Each structure stands twice: as structure tokens, then as C-alpha cells.
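Chain naming follows the written order as A, B, C, D and E, and within any one chain the residues start at number 1.
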Amino acid sequence: MANPKPENSKARTLTIDPVTRLEGHAKITLHLDDKGRVADARFHVTEFRGFEKFCDGRPLWEMPGITGRICGICPVSHLLASAKAGDEILAVAVPSAATKLRRLMNLGQIVQSHALSFFHLSAPDLLLGMDSEPASRNVFGLMAAEPELARGGIRLRQFGQEIIESLGGKKIHPCWAVPGGVRGQLVDAKRTAMQDRIPEALRTAREALALFQKLASKFEEEAAALGDFPSLFMGLVGEDGTWEHYDGTLRFVDATGSLVADGLDPRDYRSFIGEATESWSYLKFPYYRDHGYPDGMYRVGPLARLNLCERMGTPLADEAWQQFRDTAGGKPVTSSFYYHYARLVEMVGAIERIEILLDDPEILSDQIRSNAGVNRLRGVGVSEAPRGTLFHDYTVDEHGLIEKTNMIIATGQNNLAMNRTVLQAAQHYITGNTIPEGLLNRIEAGVRAFDPCLSCSTHAFGQMPLQVALYGPEGGKLDERTRD
Amino acid sequence: MKKLRYQPDSLIEVLHSAQGLFGCLNNDLLLYVAHALKLPPSRVYGVATFYHFFTLEPRGRHTCTICMGTACYVKGAGALLAAVEQESGLKDGMSAEDGSLSLTTARCLGSCGLAPAVVYDGEVAGHQGPEDVLNKLKEWEADHGEE
Amino acid sequence: MSTQDPAAAPAARRPRIATVWLAGCSGCHMSFLDLDEWLFELSKLADVVYSPVADVKEYPENVDAVLVEGAVANVDNLELIRKVRARTGAVIAFGDCAITGNVTALRNRFVTPEELLRHAYVEEADFQPQVPGDRPLVPELLPKVLPVHQVVKVDAFLHGCPPPPHEIRSLLETLLGTPGEGAAAKMGKEENGEPKT
Amino acid sequence: MKVTTLKINGQLVSASPGATVLEAARENGVEIPTLCELEGISNVGACRLCLVEIAGSPRLQPACVTEAAEEMEVQTDTERLKRYRRMTLELLFAERNHVCPVCVANGHCELQNRARENGMDHVRFPYQHPDLPVDITHDRFGVDHNRCILCTRCVRVCDEVEGAHTWDLSGRGTQSIVITDLNQPWGEADTCTTCGKCVEACPTGAIFRKGSTVCEMEHRRDRIRFITDARKKQEWNP
Amino acid sequence: MEKSELEAIADKERRARKPVCVSCCTAAGCLSANGGEVLEGLRAAVPADGADERIEVRAVGCMKLCSRGPLVRTQGPAGGTEKPPDEILYERVAPADTGALIRAAVNNVRAEHPAIDLSQPFFTRQKPIVLENCGRIEPERIESYIEANGYRALHLALREKAPAEVVKEITRSGLRGRGGAGFPAGVKWALVAKSPSERKYVVCNADEGDPGAFMDRSILESDPHRVLEGMAIAAYAVGASQGYIYIRGEYPLAINRLQSAIRTARRLGLLGGRIFDSPFDFNVDLRIGAGAFVCGEETALMASIEGKRGSPSPRPPYPAEHGLWGHSTLINNVETLANVAPILLHGADWFASVGTEKSKGTKVFALAGKIANTGLIEVPMGISLREIVEDIGGGIPGGRVKAVQTGGPSGGCIPAEHLDTPVDYESLASLGSIMGSGGMIVMDESNNMVDVARFFMEFCMDESCGKCIPCRAGTVQMHGLLKKICDGEATADDLALLENLCDMVKHTSLCGLGQTSPNPVLSTLRFFRHEYENLLVAEAIGT
């Protein structure tokens, strides 16, 4: 809506439909008071698929293959969480080579997903500008305007995807991790091919990091307006507080950096995470139980992981992490806009870790799968998806047929924070009668910073149209418009 | 079975008799038949479920069978079925949970001259309208109430 | 990507392609992005005028070909795919969800979507359990998830979960084989839409 | 040895005496699609994919059970046959829940292969989406009725090769379902010898080794032929 | 048993006849309309009047006009005080009416009770061969059949003809199978006769499954020995010594009568070993079906006789080569076998003189639907549909004929404009229908033809055995498409798809049930396409 019509002062509705450059279907409604100021804003997720129900009756062993289809962007996260839930049910020790291979694949996915988020989806805003021409404010526009940067980003994502392919045989929806281990070993030729690409990947990631650091000053207003507020942060950490993406225990910190809870066993997630439903969204609202709903708002994903870990564990990433934390004086970084920054730091760390894993001789082992029958009737699998912590929780019958499934997906856990971000952004940008397209794009960018994966969060497959509706003070919808 | 000399090919006749004696064919009965005729259990089960006549579930106290043969259909048997289904909440082939009634349909009773025809507990009644059928159901219900 | 005047003479007009995302996991789109550097070639051959990875909000008129990912699962999907059909020359069912319903259609074995919704939002909720029902903000689910061709006419089918990038490329190359003429002419298909140039 | 001479798709070919049209075609490198047929067990002519046109016969004949005859003229691949085959496959796909991407037999499935080979790229009929059970009560194997095409290979191999007759069909028409013993859970079927022949015989992912994950189930159909050939030729009892 | 003994039984029976005969129909149609109590009432009324010296009450078989039952016929001696008609057929007799009817019969007068006009075309236009004994003889008494010339044909065959001559006689008569397809009976017999199989079987197909058809049931209930005699002759001709009658479980009365007929025939030596002192042995067993339409198909029927699931097998091999338990088997249906004895008795030429060039003899139809006179009729082949519907059937009261459905679920609907079509195998086939086993349903303008097609498709879907894919899954989809059309949700594409599917199922199904299942759709599409098109919508609803 480049030129919204002048409205009467009393009430209006705006629609951004669809919210683009996101993964999923969503709408935004803005509720105005009689002075035309934003009183409330809501972020609606509009897809639903019902995985938790229709997986009932399937054999446990098929679950990684099925739940991987929840999301085409982070299938590996689901694959791993699902396989890990399966490990629990079989009650077997996964061979250490298999664990390393699974870690390797997850790191590959973090690289590809973060590259997608930064280069394909957000770089157009950052480099071409929030107010640039919408028709070309996309990856193709970036390819025309900044071909080298675009090419680098595409190749970085490709690097991540090829790690997944080298292990799982395909880039998207490999059915490779299975309860008890993994299905195929890594062959030396593929290891070498990956190793050969590491220097380039690392260079690209570091350049992107440097670029963001340079650009950051241009986006101070956005950094303050797009979701800068205190909240809890949750994520996995390793034993000594090191950044973690596959194993470990859960930690909650608050905006001051104080530990709220630590060493939580992911299997007990139900005791500290609750889920609320709102009538206006297919995406549920997880919250930290001790703080209640909606005060138990917490954020997950790159920003949270960097805020709650004590070190990255690899040299380049540690250095970048320190710089990142310094932007907030060593305290947690509270602006959601800095998810972008955190993502780039993680990408550097992930590539470093990939290098370490590939150098490990055990990575070529063929001892990669433990077989067993059903030895427990419930299993919870957890992994850090690019967007945050992911839980798969299965209950099976004695033979291994699924009886009950629950999944808590990364993006869902950011739902409260995304709503808060939309409200903050709207209140900041929407004043008066005319709303330039670029301002609406900033509201979208606020959501985009979270890199929400709505395919995942609603277990829905689909696009995410963002529709902004304005509601009057008495609650009735005043107007709705779709941007074009 | 003795009469049929335990011939495996007498399976269908044996099932007819068994159902006649016991009302329905439960798994114990089928297994007994399988052993006696020296047939694999799955074959016996397969045959018992292939034919409409055999039922593995006990029938209700009363059975209402609506003929859905062509002659009855063109004369409004569909409306009879719909009326009973609506009144009783049962679908074709179902028995009421309280065991009071089974509703079935037949593929032509051969009583086309009486179309549409309904069989109430084995008694054929011809030229039935929806009201006749519903009255009969009410009658049964009242009988049961008195018992 | 440069914007071309849609009213330009047919011979000069660059093919206009689009990608659409219904009820699918985005994996097909990811596979499209796995074309990697070939995307540079693509941008020389055609304009991508609408896509979830681009910012245009309203599906434009006179699109020559569209890749449709995902099945038709709710009223929003239905509305969009009808619009897409009316405004596009060649509609390509892109991936197994679009073609068969696939995993998205696994819910169809339940009698009504209500069963699933209750499970997800009532049984599995700790706070204010309720089925999201604010219409039209939260679109109503269709009773059954449908493949695209059971809702609108589809001109070609690209299989896979997701379709491998080289097959996407080969299809696009076939469609764009004679740049300037427009994919619709190449496909020889016109349906429901405005006459193609 | 005397041979039968016939024409397949216009080519003069010879076949072993008593060979079926299908065998004659295979001996001469002509592919005729099949699903219910499996070398080593009897043929039932049920899937109708192998129907061929025979000059002078008003009806299409199933190649698997039609004996090749002298001077027979057979067409195996006319447009009409292709059309029927595609439609037959569409009917199968619409009948139950064949969700290939998440099937244990994905990539190793005869149904999927037939669809690909015969150009069945979409299903015009509404999917029926029945709600069918999965039985993994057996220690080593499982059966998923959602993927069953009722070809009865399991029934025949169990009866004819293993001799256990654990499997049979129950119900009829579209309600048909393969059963073990008295429609009991497979794990409770006394007659099952756990030989696994049904698993190897199954053309789809319906019968699988328990613990198979998506794409992982490969059937070793040659094992059945190995046994039946050896038995026929008395290879171990000279 | 000698022929003389047969004659002696017949004589004795004739001598026992009394001047006044009151016959009560005890076929299933009338019994289900309280016919049993009427019979008891009649019997009870006789001694009360003290008239048992002059009057007898007989329990006979079907008197054909089923819709007006229970039927009671009185026959008095010619020349009473006030000459009554010889024969009066009272309709809708209630048990309370019986006393009055008996009194009237004894007194040779017409009772004050509605009677049926026997001079109406329903009776005069029929040509009874198969049904000649129906409603005349007492089905539960073999003596009654023997009196009506019963078992003379069997004697003739066994004692005076070689098996090959019997086959030749049947071939010459031009008799064609009455079960549906009309395959020449003589050819079938000759195939079995020629088979080197050491054991052979004769099977009587009494699995009359077409909805709307009850010819075979009426024959078996009314004249069971006729069928047994036909089977025995066939067995002699082809060299079989064991026969099976495969009868629907839905026909308990027919089963009873057959069982008692087999028992009494065996007792008299008309079945069993060395019949009529010839070397010929023949036994018949009943096999009771259990509700599966597909068992009317020969290979499925044989599977069912063997105690298996009634799934058909591909043909060839045909039953004549590879039948029951692998042996050569002759399968004929009830009506076909009921024609055998008269052909032998009266000769092939006599039989061939009835009917048309290619369709000899008569055909029994069960006339039903919206027509005035529903019931059983037997007419010469070649009679027009119009004569059957309008004259014999009496037309549709207050309505117009829209179509006539013949051949049941495998048949088709013939529209009113083709009513002048002669009833023979070829003419019906040329209209996309079939002779079938003899169900004939008349429909009026209120019947929607798409719904009728849907009804038949539902039947085929429910009755599909499930073995072959086109029939199992195809009928489901055809039914779905028909329902979609009926519900006004289908587009022209759906109709085109339906037609494609019909073509495919017709040509690829394994057995007759599947192959003919699209017929009701194809024939209604052919003549009533507009009814389909009127129900189509422009755009799919899509949900």
C-alpha cells in the first residue's frame, strides 16, 4: 500500500497481505484508538495442518520421515528431534559416530537456513533499503544490484545444503537420522569435497558479519523500534555453558543476564513450558510457566542462544560473540533486530565446528546405528533448530505405534515476542493518516527478524501473507486493505 | 459337521448351521470350525466375512430389513430407509447399542409384487410406507417397555 | 529484477513467471532456491513477478506460468488458487502436495478438521484452550485437503517431495525455451484467463 | 524342443511350449506391466495391468494367465491399453493412502514404478482416504493396510510356498482387507512361521520389516523365486 | 422304477381328484401376504361344511399376478345348477374370506369377493412352457408332478436316447442360456460331453441375484421337480453323476421345497443309482448361498460350492474344461434347465417353432415397478416390449412409461420410444441392454434416470468381490461421480471422466459383474443424456 487513502481521523484498517519473505502464512491486525494511534497489534498465523493428530497410529520408525515434512526449510531439525525421541523410546545408546554425523548435519542446516534468512530474505531490506521499490526488493533485485554479495550468499547456502546432501542423499527431506542412529555413513570423497569448500564459506560468513556490523549504525532506529524489550531467553547450552545446538540442558536467562533456571532436562519441558491458545491465531503461545501467561514471554533462537551461552567454543565465533555481547555492555542483547547479527555469529561458529567434525577420523565410521525394540513408552527429543529450541514428544504403545504426539516448535515460542514486536513497530511507525509502504515494510521486517518459520509452527505448509487490519477503539473492524 | 463328513468344502453349510444355532459367528466358533474341517483359520474368517448372510456380531432383539431391490427402490424404498435411519439413528447394517434393533437392507427379497417390502423379524410385509415402518418400530418399543 | 511494462508488444515482452505457496512445507520453494547460481540465468530469461520470496503482495495479471506448491487446505488457499488460475497461462502443480495432497492430506482420514483442531488447541493447551475461530482472520479449513488439479485446471505436474532442482530447471527451460513468446504460448494452454499475448 | 511361434507387437517371436503370453513377452524382452503377478507363485489375473489385445479375441486378455498359442497376434502397448493402465493405477492410488514420500518402500515400490513407467502423473479421481489400521504387533514384521493394493501375493506365497496359509482376505469389494488368522493381530497369529516370505513378496510398503524407516524397505523378491525354482528342479535332492 | 410304475402313480393321482378344486397360492409372494393362513382357513372350512367328498384344497405354486395376492382359484365341474365359470381367481383373499369362498365353490357359484378377469391380456398373451405347471400342481407332492407328465422326459432320454442324441436335441431346439448372456445351451452341453474329464458335474445356478428378479424362485417354489428332471437329463447327456443346486440363502421356501423334492425323488428312485433301471446314477446336493451377487458368475459360483470365497477367476479355462475341483462342469440356470423336459417330450422342432430366428422358445420375466400388473409372466421370444408393458402389464396407472429396465444391474434402461423393440437377445443388446435373467422394471416420469444409474452402481459397488481393481475401485469412483452429478456438484469434466471410467471398467474387469457394471450408466447416458447434463454445474464447488 504505497499510497494509503487519506482516512477519516476516527478509524481505519490497514492490511499487509501477504507478509512476504517469510516462511508461512500470517496476517497482522492493528487496533487503533480514536486518535489514530496503535493501541494493540496482533500477529495471526493462518495455517493449520494437524500433524500432532494425524501421526497417531504410525509406527515410531516412520516419524522422522513424516515430521521432517513439517518444514522444508529446517527439515533436519525435525528429523533430529524426531530421531532423538525415537532413541529415547528404544532406550539405546546412539553410537558416538552417529551423534557426530547428526551434529554435522544440523550445523549444515544452521548454515543454509541462516544464509537463506540473511541473504535471500533480509539482505534486500538491509542493502537495498527498507524504502526501496517493492517489486525488486527481493533476492532477484539483490542479484542485480549486488551480484557478488548475492552470489556469495547463494553459495554459502549451497554449502550448508550440500553437507545435508552428502550425508542424507538429498538436500531437502532426507530421511537419514533414525531412531538409534543414522542410516548412512559419510564417505571420504564427500568429506574432502566439503572440506575444500570451508575456506570460502568461512570467508563469506565473516564478510557478511563485517557488513552487518558496518550497516548497524544505519539501522539504529529499527534496532530500537523493532522489538527491543526485555524478555526471558531460552535455549540449550553445553555442560560448561558453551553454545550448543544438539544436546545439553535448557537454560532460561532474563534481560539482565541473570539465570532464571538452569540445567533443565528437556524431557521435563512440560513442567516449565505451558501453551496457550488464542482465538485469532493457529499458532499457539508457549510461555514460561513460573511467570504465567502472558508474562512468561521468552525468546528462542540465535539471539537467545547467544544471550544465554558463555562462550561459542571456537576461536572466530568467540571473538564475534564477544563483540556482539559488547553492543549491550555484556548483558543480553534485547533488540529483536539483532537476531540478524546473532545469526551471522552463529554461522561463523557453525562453519568452524563443521571443520572440526570433518577432521575427526571417527566421522567416517560405519558404526552408526543401534537397533532395539520398544523399551520405553515415551520419548522426548530436542534439538536447536536455526530458529530455536524444538521439542518432539511421542507416546507409543508397546509395539511402537504412536499414541500421542506433541511438538513445540521454535517459532511458536517466539509468538508472544513477535506480537510484542509488531505492536512496538506499529506504535513507532504508524502515526497520522499516511503510511508509506516503507513503514509497513518495517513492521514486516520486525517479524522477519525472528525468521519465523510458520510452516513449522503451525505444522502447516504454506505461504505467509501478512495482512494488516486496523481496528477502532470499540473493537469493530474499521477497514482492511491489502498492500499491492 | 458330522453329517457333512467334515468335508472342507462344506464350510459354507457348516457356517450356515453354526449361525443358525448360535445367532452369530464369533471367533471361538470360527476357530472350532477351522480345526474340525482342517482349514486354516484365515480361510474360515475370509469366507465368513465374504458373504452378507454371516454376521460376526450379535443381532438386535428385533430386525428390520428393508428391501432395496430395484422394484422396491423405484417405488420408494429409499424413503423408507431414510425414515428408519432418521428415527432410529442407525445406519444400514448397524445394531442399536442397547441391542433392541438391527437395521439391514436386502438386495431383493423376490417379493417385487409387494414393493416396497419390509421384513420385520422374518415376516415380510408389503406395500409399506414410511409411517408403517415407524409404527412398527414404535410397537416394538412399546412391547419392550411392557416387558 | 526489472519491472517490465505488461502492455509492451508481445515480441518484446519478457516471460512473466511466478511461484505460489499454498498448504505446503516450503520445501519445493527451497528446492527452487537450490537452483543456486542458475537463478542468475533465470533472472536473465524471465521476470519473477510474484513469489513468497519477493515483496509483491497481490498476484498480478498476465502471468505466463506459475509454480504452485502445496495443496488446497483452507478457504484462503482456495481463493488464491482461483485467482492464480484466472490470471495465469500455465499452472504447474509443483511437488507432491500440489499433485496428490501428500502429507498435507494425511488429515483427510479424519471425518472433520474439527477433530484435529480440538486435539491441537484444546487437549494440548494449558491456558485458555479453544479452537481458533476468528474469521476471516483465521481462515476456515476445508473439510478435505485437495490436490490443486481437483480445484482448478492444471497444465503440468512436477513430481517430488520436493522436486529435485535439476527437474525444476529443466521444466523452466522448457517453458522459457523461446523467450519473448511467453510461456503460455509455449504450453499451448489457455484456461479461464485473459487471452495471452 | 518344439516352440510356439507368435507375433508380439508385430514381431515374430518364439516361446517355450506352454508359456503364457507374459512369459513369451519376457523371453523376448518385451515388458508388460504387472502388479499381482510374482514369479514362483500362481497367477490370479486380478490387477489387470497385463491386459493385452489378442487378434480375434473380443476381450482383452490378461497376459499372465493366457497361454501363448501358435500364430497368436498380441499387442501389448496400444494407446488404449496404456490409457486403461494409467486409469487402473489412478484407481489404486485413489483407493487407499499411498503417501509415497513418507512410505517405507519409497523408491523400491512396484506400484510407484508402474505409475512412473506408465506416465500416471496425477490422479483424476477423488482420493478416498479410508482410515485403516497399521499392525506391528509381530516381533519382526508389520502390515500397513493403507498401502495394501490387495494383490494377494502374501496370501499366495504363504499358502503355496510356505504352506502356512496365515494370510487370507476378509470382507469383500472395497472393504476387503488382508488378514492373519482370525483377523487377529499378526503377533497373535499362531499359524505364522515368521518366515518373512510375505514381506519379500509384497509389491508396496504394505508389509515391511519392523523398524524400517522411510525409503528403507527393500523387498527381495528373488528369494521367493530361488526357493520355488530349487523346489521345482529338485536342486537339493538330486 | 419302471415307466409303468410312473403311470400307476399318475393314475392314482388322477383318480383321487375331486370335482371341486380350490387352489391356494403358496409361493413366497402370497405367503408373505398372509397366504399361509388363507390356506389353513380354506382347509378348515372344508370339513365344517361336510363337503369333503366333493371338494379338495390344494397348495399350489405361483399363480403369477403377485401384486394381487393372496390368490385363490376355484375350479368347479361344468354344468351346475346355475352354470358358474369353470375357473375363478379370487384376489387379495383374507383368512376371514375363506369360508365364503369354500361355500361358493361347493355350490358352484361365484362368491361375493373380487376376482380377477382371466380373459385379460395378462393371462391370454402368455405362453407357458416353463411355467406350465406353476399354480397348477402341488409343489410339495411329487405325485402331482408325475400326474402332469413329470419324469417322462427323463425316462425317454434314459431308455430311448443315447447321450449324444439328447445333446443334439437340445442343440437343435436352439435353447439359449436363460441366465443372461444367452450362450447356446447345446454347445455348452456338447463341450462338457466331449471333455475327457473322468468326473463331471452338473450345476444348477439358482443364485438369482438381480434385484427385481424372482423368476427362478417362483419356478423352484412352484415346480421343483421340473428342475431336477432337467438336471438329470443334462447329467445323462454330458456324463455326469453328481449335481449341485446353488441356491440363494434368501429363498428359504424354495430351499425347503427343493430339499423335499430331492428326498421324494430319491425315494421313488428318480434320483440315485440305476435310475429307470439304466446304468445311469445321479445325485443332487443343495448348496445354499450366503448372500453374494457375484456368485451368479460361473467361476465364483464354483468357488462358493467348493466352500471358498466367491471370487471369480479368469476365463479361460472355462468350467467345461476346468470346473468344480478341476473337473469338467456344466452350469445352467434354473429356467434353462426347466426348458429341458418339454423339449425332450415335445421335440426340438416344437420348441424351435416358438420365438424368433435366433431366440427360440419363451422367456419368463418378473414384471415389476410402476406397472399395474406386477408378477410373473412367460412370453414367446420376439414379443414387443410394448405388448409386455402395455397389454400384459396393463401400463402405468395414471402415468406414462418412461423406460423399461431389463437385465438388472448388468442391463440397461430402454426408453419409451423403443418400446416396439422385439424381446430377443440381439435386439436388447443393440439397445445397450441385455436379456438378463428376466427382471423387468418399468419406470415412469417420476423416476430420475441418473438416480436409477446411481442405484445400480451402488449395488455393483456393494457386490463387487474386490478381486480385480477396475471393478473394486472403479465402481466406487463411478458411484462417487454419479452421486456428485445427482447432488448437482459435478462439471462437464466429471461427466467426461465418468464416461472414460465406464469404458475402462467395461473392458478391463475380470468377470461379468465388473464388465457389465457400467451398463446402466452407459444406457441411461445413451438415451437420457440430457438428464445428466441438466444436473451439471459450470464450475467445481471445489470443497
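Criterion: a contact is a pair of C-beta atoms (placed from the backbone, for glycine too) under 8 Å apart; a residue touches a chain by one contact, two chains touch by 3 or more.
Predicted, not measured: the structure shown is a model, and the values here were computed from it.
Visitor: Work out per-chain C-alpha centres and flag the one nearest the whole-protein C-alpha centre.
Guide: Taking the mean of all protein C-alpha atoms as reference, the closest chain is D.
Visitor: Report the chain whose mean Cα position is at the greatest distance from that of chain C.
Guide: Comparing chain centres, E lies farthest from chain C.
Visitor: Going by C-alpha centroids, which chain is farthest from chain B? Tell me that one.
Guide: Relative to chain B, the chain whose C-alpha centre sits farthest away is A.
Visitor: Ranking chain pairs by how many C-beta pairs touch, which one is first?
Guide: Looking at every pair of chains, the most contacts join A-C.
Visitor: Averaging over Cα atoms per chain, report the distance between chain C and chain D in Å.
Guide: Distance between chain centres, rounded to whole Å: 36 Å.
Visitor: Can you work out the whole-Å distance between the CA centroids of chain A and chain C?
Guide: 24
Visitor: Would you mind pulling out the distance in Å between where the CA atoms of chain C average out and where those of chain E do?
Guide: 59
Visitor: Residues of chain A touching 2+ other chains?
Guide: 66, 69, 173
Visitor: Would you mind listing the residues of chain E that make contact with two or more other chains?
Guide: Residues 292, 309, 462-463, 465.
Visitor: Touching at least two other chains at once: which residues of chain D meet that condition?
Guide: 101-102, 124, 126, 169, 171-172
Visitor: Residue numbers of chain E touching chain D in their complex, please.
Guide: That would be residues 292, 294, 309, 313-314, 316, 461-470, 472-477, 480, 497, 500-501, 504, 507-510 of chain E.
Visitor: In the complex of these two chains, what residues of chain C are touching chain A?
Guide: By the definition above, chain C touches chain A via 1-3, 20-31, 33-34, 36-37, 39-40, 43, 48, 51-58, 69-71, 73-74, 76-77, 97, 102-104, 106-107, 109-110, 113, 115-117, 119-122, 124-134, 137-139, 141, 161-162, 164-165.
Visitor: Contact residues on chain A for chain D in the complex?
Guide: So the residues of chain A in touch with chain D come to 57-59, 61-62, 64-66, 69, 173, 175, 178-179, 183, 371, 373, 399-401.
Visitor: Show me the residue ranges of chain D that touch chain A in the complex, using the header's touch definition.
Guide: It comes out as residues 101-102, 104, 133-134, 136-137, 139, 142, 144, 187, 210-216.
Visitor: How about chain B: which of its residues touch chain E in the complex?
Guide: Residues 7-13, 15-16, 43, 46-47, 50-54, 68-71, 73-75, 106-115, 117, 123-126 of chain B touch chain E in their complex.
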